[in-house]
Each structure stands twice: as C-alpha cells, then as structure tokens.
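You will see two complexes here that share subunit A, one where it goes with subunit B and one where it goes with subunit C.
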Partner chain A sequence: MKKVQDSSIAGERSVTGEFEILNQYGIHARPAALFVKTASKFSCEILVEKEDTIVSGKSIMGLLTLEGSKGSTLKITARGTDAEEALEALRTLMENKFYED
Partner chain B sequence: MGVTVQKFYEAAQKTLSLEVVSGGEHMERTIPEQALNRPGLALAGFFQYFAHRRIQVIGLAENTYLKSLSEKDRTDRVRKMFEKHIPCVVITRNRTAYPEFIDMCTEFRVPILKTPMITSHFINGATITMERLASPRMRMQGTMLDIQGIGVLIEGEPGIGKSETALALIERGHSLVADDITVIRRDYTGVVMASAVDITRYHMEIRGLGIIHVPSIFGVASMRDEKRLDLIVRLQRPGPDWDVDRTGLAPKMRDVMDVRIPYILIPVAPGRDMANVVEVAALNQKLKHLGHDAAKELDEKLVHKLSGGGLE
Partner chain C sequence: MNLKKALTKDTISLDIKSSSKEEVIEEMIDILVSAGKIKDRKSALNVVIEREKKMSTGMQNGIAIPHGKTDTVETLVAALGVKSEGIDFDSIDGKPSTIFIMTISPANRTGPHIQFLAEISRLLNDPATRQKVLTAQSKEEVVDTLQL
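On to the complex of A and B.
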C-alpha cells in the first residue's frame, strides 16, 4: 500500500502510489464512479495502472476495463500542480473501501 | 508474443468446438509461432525443417498414416515429434487419440485437444484466431465509431464531450465500436484495427445519465465489434497558441503502432455541433480515399488562375 515515489519532470509534480483494492467486490460501477468523482476534483492528470494496462483515472469506462478485484493492486500516478492532494484523496478513498461493505 | 495454449483454447473453444483430450494441466505452454503445422512428413520420419514451434494438427491423413505403421514405428515417430518440444496437438474429426499420444503428452507435458471439424476448416479458423491473438495490441483513450465505413477515433481530455459527440453520431445512424477505451491491434498486413474491451463492450457512460446499453436503446445496427482505424479526431478547447488547420492543405498524421493515421484537431466551442463536424471530417476522409482532396483541388484551381491561366 505504500511505495510512494516522488519525481518532478520539467518542474511538473508527479507522484505515484500503489494501493491494494480492499472492498469486497473490487472496482465495480459504484467505486469506479466514486473514484472518477474524486479524481475529477483535481486538475492534474491521473493515470491508473494494473498489469500493464493504463487508463485515465477520470474515466469510468477505463476503470471498469481494469477489472480490479479485491486483493489486486492499482498503481496510481498523478501529474500536475495538485498531484499530491489528488493522490492523498484517492488513497483515503481506497483505504476506506470506497465506503462500502 | 506469448500466446498460451490456454489463451488459444479460450478464444477458439466455441468457434472451433475444441475439447481438451489430455494434458489439461499443461495449458500454460506458449505457442511460439502463430501458423499451424500438419506433421505428415515428421511422422514419416523426416524431421528436417520440422515446424515444431507451431500447433500440430493431426488430420485424417496423419491418422490413417499412423494406423498403417507398426506399433513400434508409431511409438518411435510420435516420441520423436514430442521430443521437439511442440506446444500442443489438435486432432480433427473427433478421432480418438492413439495411446502413444496420451503417453507422450504426459511425459512431455503437452496438451492434446480435439475438434469435430474437418482439418482444412479447422486450420482456416485457427489461423485467424492465432493471428488475432498474436498481433501486437495496446489501448487508447478515446471513443471509436464507424461513420459511413470510416473508422474514427475521437480523442480529447476528460469532459470535453467525446461520448456526447458519439451519442449524437449514433443517433444519426452511425455505429459505436468502443466508448472511452479502445483496444488497438495491428494485424499482419499492417492495418490497425480497433475494438472494445470485452467487459464494457456495447456500453457507454454519459454524464448525467450514467452507464447505458447502446444496442438496447438504438438497436443492434448501432454497434460494431471491430473496425479499421482510418482517422483520429481530437476535440480540444482552443488555446492562445495552437494552430488549427484552416485550409486542410497540411493534413497532420499520427503514428499508431508504426502506422501513419490521418489526425485532425477540432476546436470545441459552445454551440458548435461537434457531431456534425466529426461526421463531415469522416466523409471528407472518405472522399480522400476515393482520390478527391477538396482543399488541394481548389488551391490548384486558384494557382492556375492567378498564374494567368497559362500552362499549369
């Protein structure tokens, strides 16, 4: 759940974190919508990666195609001025199991 | 490319009526070459140039030939074939596998499959399946449509209106291939094909509505499973420093899996009917395919006239 990397390329903040999916049914429609809702509050670019597949964290369809089940890991990268806040908000969401169960 | 026997089996099980005869626990073996091989010559004892990296198909001829051999020869040849580390064996016409095959399959950990199909039909179907599985693929963020036979990928930042534009195009009778996430693969002829991810196929997400099932609302004609990528259209809010092509004389291209695809930037503005613009972009592309380039033709006419209507 940790392993956070910080880097800034050409002055642009970029943070990455790996998070395990904790909620029982994984990333189905409701958690995906919550994820997108949270991600869309920030102006930074958010990418979500699972097993070599990368999608935008602001796309519901994208997150659904990851087929993230409980126990699998999502690697989230945020790039932009509010990258850290965005990653923090998404971490909170995932650690709280998308407020389900 | 790592196509495993399992992947091949899953993809072709229905269409080719495949069944596992033996070695179901060795399905993770990879098939290094996508073509198929009939090991007739190998079974006859000639192993030079034996295409051992391919799926081996035992058809009627191979089976009948094996029958004609003495048990000792048969065991010997089959063993030799398995010793070459073949990925898997498929027996056609639902013939029963010789016990030698079952023994070797256990010893060399090679799965054996069977199909009721005749060999030539099986090979045709399996070649297409292997080609699909082995071709390089990637995902692109964008909504893919078939507009009058032209495959158009609509790109743009989240919230720019890709899905809404697609929805308007579907209402006009065009068909959707994939919403938001498009799977791209390049086939062996160098053509780029686009399709949807299985799990979300036929669905769209529209802000304010949520997830909709497109064929239930618009009918089956509104969906298409796969389409060649002919044009990429990027919807973008105009910035101060971006140059939009006002003449169409300098068409942009984008490399997608090393294939050059025409690329158009379209500025989004309130009140602008994006569906209409994208539709015309596709039709204009179709016209170019037919050999007509309106911008170029008009410019040539102009240059001709301005230079005194002389030579050319």
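On to the complex of A and C.
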C-alpha cells in the first residue's frame, strides 16, 4: 500500500507516498478538516494528487474537490525541511481511518 | 448535477440576519422549511447541531458547510446563505465565515453528499467566485456565478 520515494533536489527534502483511503465514507468534511489540521502543523509544502488533480494538502475545499471515496488512492508529496515527519503524520491519520467508523 | 438540482433560487439567501453560529444554522434550516424542502424541522436541526458538536464545519476562506444526515428527507437538499460581515463559526483558520452552504441528506447514502461537496468546493475554491458570491446584488447573480 505504501510507496515512499525519497529525493533531494537542490538540498530540499521531498518525499512521496501513496495511500489508500480506508474509512467508509471517504474524504468528506471531517476527514478533510483533520487532514488539513495535521498538514498545517508542518512548514513543508504538501500536495495531494488523485487522478491528475493536484491540490494543496492544507486546503479543505481543495481536498474535497478530489471526491476521495473509500478504496481510492491519494498520492501525497511533501517538500521541505520537515517533509518526512509530515508524510508520516498523514500516513498515520489515513491508516487510522481518520479515527472514524 | 447534484448541485444544480439541490441549490435553487428559493434556497439562496443573500441577507442572513443571524449573528451567531446557532442562529445562522436555524435561519438556514428555516430557508429549507419555507422552500418546502424540509418537513421535519426539528430532526433536521438536531442532526446539524449534533454534527457541529463533533467538529466545526467552519472551513477556510470564509466558507462554512453545516450539514447533517436524516431519513426525514428523501433526497439531498441544500441552501446557500451569505453574510458579508461574517460570523464567528469556530472555523479551522480562525477567520469569520461569510458563505454558508447547508446540506441535509438521507442517512443511508453518503455518495450524493460527497459529490455535492466536491462540486461546490470546485466552484468556491476560486477566490474570484467567492468574491462574486459575496458581492452579489441578487439571487440571480449567484445562480449565474455558480452556473446553477
């Protein structure tokens, strides 16, 4: 389920992971808000991609536009000094189904 | 398509009078009651308030999306309210909420709700669209802006 790539371009840490949406109702308002709350704890840039649509991981409305339903996959890229910690926190959140169900 | 079906001129208010979170939720519920979209006012109000207790639906950039699920509606119904001065809705970014999108949908089906949220988010994610909704002089202008 998890594919993590590490790269370092011009000294900037960048990590990418792909995570399946496991919670029953997908990315509705509450999971999107929790995602943003978690992402916003970090200074790095966070991008979330699904089927060619890329949005900021710090925008609730952005995340809602992805229509992420259970079983679909989000590709998350974090870029910046705390990128690894951010990706790890978001992985934990998604693996724990946003603490719902 | 969900958006066009659910959001109509009679469920839009550019003149939200309330100045608190609880009041604005009641006012929006009443818009849906007046439009004949909600028959059981009490249960609709209850589910929205209960949902709001779990975590505020005040999002970012002045958008709030109070919603709830109840089997007292047969299909998703929606209302849009504007209060340009803003209301403290306990939003994620701490900013006052100015555009309120309320949805009430059947308890057993989440698909239409998620789809509606995606549709309205695609529109209101654009700062220019938000500005047009906020400064609209008529409901027709909102309908045109959102291409309902």
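Criterion: the second predicted complex is superposed on the first by the 101 of 101 C-alpha atoms of A that agree within 3 Å, B and C clash if a C-alpha of one lies under 4 Å from a C-alpha of the other, contacts with A are read in each partner's own complex, and residues count from 1 in each chain.
Just so it is clear, a contact is a pair of C-beta atoms (placed from the backbone, for glycine too) under 8 Å apart; a residue touches a chain by one contact, two chains touch by 3 or more.
What you see is a predicted model; the values in this text were computed from it and never measured.
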Partners on subunit A (subunit B, subunit C) - clash or fit: clash
Contacts of A:21 with subunit B and subunit C, given as first, second, both or neither: neither
Subunit B versus subunit C as contact partner of A:65, first or second or both or neither: both
Subunit B versus subunit C as contact partner of A:78, first or second or both or neither: neither
Touched partner set for A:30, first subunit B, second subunit C, both or neither: second
More subunit A residues in contact [subunit B versus subunit C]: C
Contacts of A:94 with subunit B and subunit C, given as first, second, both or neither: neither
Which of subunit B and subunit C A:54 touches, first, second, both or neither: first
Subunit A residues contacted in one complex by subunit B, in the other by subunit C: 29, 33, 59-62, 64-65, 67
Residue ranges of subunit A in contact with subunit B within the complex: 29, 33, 40, 53-56, 58-62, 64-65, 67
Subunit C-facing residues of subunit A, complex: 25-30, 33-34, 36-37, 59-62, 64-67, 69
Residue ranges of subunit C touching subunit A (in the complex, touch as defined): 54-55, 57, 59-61, 63, 65, 67, 92, 110-111, 113-115, 117-118, 121-122, 124-125
Residues of subunit B touching subunit A in the complex: 139, 141, 158-159, 179-181, 197, 199-200, 203-205, 210-211
